[in-house]
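Letters A, B, C and D name the chains as they come in the text, with residue numbers starting at 1 for each one.
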């Protein structure tokens, strides 16, 4: 069973952390992953940086620009992750825009992910229809779960469709916005979380966008299976580098 | 008989000098006139300065601007000239644009000129047709000769017409140009001087524009009755004020 | 009472040709030929074709919905701003360049204030491959920089006029001086309905295409050929002359002229000739002009370079004197406000000249059913810096 | 072989909608409605009326006599420079603002490079009284200052894009981000035939008025509806799409696209996508783009802000791939020279974008009887400073 599916069966609220590979230093990738696992994080999204990350806010965007400047490429990332499964067990997901993957070759990319032990992919600008038609079989061949997003604007019908195609979890965008935008959830969002919970989807939902501390983590996971922190963690990295990761995680989960 | 007609009967080439009233100093008018007469000048054109002297080149234009700044007005000029005939006998002509005369009132202006002893007027922007129709009788009533211009472009027919209306001399513009422009006469101009001479007009011609020294004076008066110096004399005034006028005139006439 | 020119070149008591003899052959040649040439079918055809394919005529008659709603009347904007080079001025320069070619001229001179006429002249000279010299006041060169750049691009020589107020009046003096010095091969393309006869009439006839279009465009949109009002700004008066032309003799069509009051009629910094001027001679014609009691022409002021002129054309002097047109003075501030309002309501940035016409709507109330045609004489691209600085944007 | 879009939103292998889920509702709403709305007689009527009375269409098809003589062929210029706001861009913004109103949107965003699309968007927003936010690269803000001033006058908020190359690509990213953040009340008016389906097709259809006019205008002037060649510059490709549209399927009409080579194809400072690019995803559609072998989009360069884009629209990728259109790269220097030449020969100052199209005449020889229609996509007022500095005028 895929590590993601396994993890989702655990009887706990999951914390997933996003970071941009190659940031703050080119070679931080493995250190960050190892530290996150040690700190009790449940799942990791490794961001493959892109020059034009149009679904991301300024924080992740800046980290991507820096990572590219540092020399991060698809090849470099794969090289860094080559032996990651020797030391790390939690699910690893690569999050990246479609163009770099397309240029690498979708099949080659998938194969490499499988070899390394990547469990899933989040490709925000690969629409579900195109995925279904052109890439589903490749991804499945390499046992990669493709994770789809839903937003407060996604229609019930489309959510059911996404649920039907999905095979892991649904990435539930807390509010329709680029990453790193909000600061605390309001009535509207909690309503939305409830509405989705009530749909009793086949796939559990993990909430992303706007989670930055213990309070928002708890809010987000009240009805959902877990939550993803991105921008807030990138900010931590900018300040402390690879230091104090356990301390950072602790204040989120308060465990 | 009008002083101009009298002067024209003298058996000599005439030198006429133009200066802008009120320049370089407001009160120079009488001094300049007296000095010119003493220096042997035959005729004087007193320029009534105008804000927009569009037939004049930069030198006269600048002197007009300065004169107006100094406070020259039609009234001031008339006041300055009030007693001029007590000391000066040569013909005096006022040269001015039509608008200041119009604002003064053409009749009032003419009357004032007559009282002072002005002999003629040169109004470059009063066309002969308008003069004939509207102002001839007034000017004649006050015994003012109105002097008309001809240029190298004036047709033979029109020259004859101007000659027929004129009653003193014809102001023969040496080349079609604003004042102060040329430096010495060429083939074209001497041809033109000859052509006009051959027309045997009823009125003698006095050449203006482009006369600046003895050489151009002699060239201009070879066929014509006289010549007018304007810009060159203004330049002298800018340099020396009212001093050295006799010296200046001497080098022109070499008498 | 006629509001058109008579056969002696006068509108009532205004007009004529008060020119030095040096200009006589040039002006006379033009006077004898202009009507004949304009009547030639070949000339008409060439003129019309260039207006259509090159200038982009007809310029639209645009019903300004939001502006109309705001002032509770029916406002149509005659979109001269959409002409090639951005103002009505090109109608005239196209006509005059064809005239100059018919007269065998090789060299073209022009004066310019806002630079629109200079650009329009430089443009037609490039089109015809003729040499072009434009005189422009030093102050105007500074405040209409984009148009100076355009003239240079088009290959014209721009000569600064540094005398007097260093604006349009002085540029005109310089152009006339140039013409005096070049009496044979040069045609002077005057940019407004000013100057000696036949210029005011010739320019008015070239601009008359504007009111001719208004007639049929209004017919299409309102079912009638006559507006209740025609509004235009008056610098020299060419855009107004064009917009009024076919309505001059029909007194059911009321004419309104917006003049530049500058900082206010009484401020000493103004260009409102109808109020501050009186009869006199300016640039070769008898008209109304601002002058001292001695007949010295005074230096005008307006924020708008194209209205910064101490006279108006003789047609307009006559329209004013006879009461045929109502003259309304508009201050800098009123004009600027009206200009910005048009931007915000209709998405059109007007030339500051045209903004003076637009400001009429704050001065005068029209009836809901009145059809008011306003001559939007030019676009505001040349004035962006002035607007931006004024509003601190 | 079809050169038009298929029912899946693709031109051959190019196109589609590669968008994050956050944009899905907006784009899907548009996709489902755009053809239906455009087909409504009411919509058509309103669109046509605004194009006529507000934009000033038809834009002339001008036979450029002196330019034709110089290159010994028959050159017609399609005068999009005469449109209100000075470029073809407004054809599309008029269409899209009407679309946005039909879809009940209250807030409009746009990206802009040269500023022409930003101005055109600010203009239609003022006309309709809608809020307008324009994203513009910091470098473009500096090099197209007049257009920034115009947007401000029109009441738009201009937000600088400071990431990446600080030009059009980055402004587009920022606009998309804004849209993601405002998924309900906001319509994104994309300024070219780029972006996710249905944008390329919708924009092309709004711009298609250009080739529709060319057909009947050519009939009037040449007695036939088809030119031998249509030339246009390609940034994103909207003016080219408009000029080609009605000729796409008729291979007797040869299509030529001028791309910006910047300082030269090999210089590393270029924007010639057809030569330097390959397949990939940019701004929501599959097309040709300039990228590293890793799929990072590279920073383009052109002296012309409107062509300074690392991709081309999917229609053009298809036209290039199939050989339907010939792509020719034009350097900065070639374009500038051609721009100045048009000023001197025809009295028209072209946008530097359009100058790239004009430079084709030095690259390619046409036959004396060839009828060559060139899309003069915009006027050069926005580029005066660049021209003046370049030529040291």
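Going forward, a residue touches a chain if its C-beta (ideal position, glycine included) is under 8 Å from a C-beta of that chain, and two chains touch if they have at least 3 such contacts.
The chain lineup, named per UniProt: A, B = Tryptophan synthase alpha chain; C, D = Tryptophan synthase beta chain.
None of these values were measured; they are calculated from a predicted model.
Touch-path distance (fewest steps) from chain A to chain D is 1.
Among the remaining chains, the Cα-based centre furthest from that of chain D is the centre of B.
Between the Cα centres of chain A and chain C there is a gap of 66 Å. Note on chain placement: the centre of chain C and the centre of chain D lie 35 Å apart, centres being C-alpha means.
Each chain gets a centre from the mean of its Cα atoms; for chain A and chain B, those two points are 96 Å apart.
Within chain D, not a single residue touches two or more of the remaining chains. The multi-chain contact residues of chain B, meaning those touching 2 or more other chains, do not exist; every residue touches at most one other chain. Taken chain by chain, the contacts run in an open path, each chain touching the next and the two ends left apart. Of all possible chain pairs, the ones that touch are A-D, B-C, C-D. Touching chain A in their complex are the following residues of chain D: 16-22, 24-25, 163-164, 169-170, 173, 176-177, 180-181, 183-184, 279-284, 291, 293-298. Partner chain D is touched in their complex by these residues of chain A: 50-57, 61-62, 65, 68, 73-75, 97-104, 124-128, 130, 148-151, 153-155, 158, 173, 176-178, 181. Within the complex formed with chain D, the residues of chain C that make contact are 52-54, 56, 59-63, 66, 79, 81-84, 86, 122-127, 129, 146, 149-150, 152-155, 340, 343-349, 380-381, 384-385, 387-388, 393.
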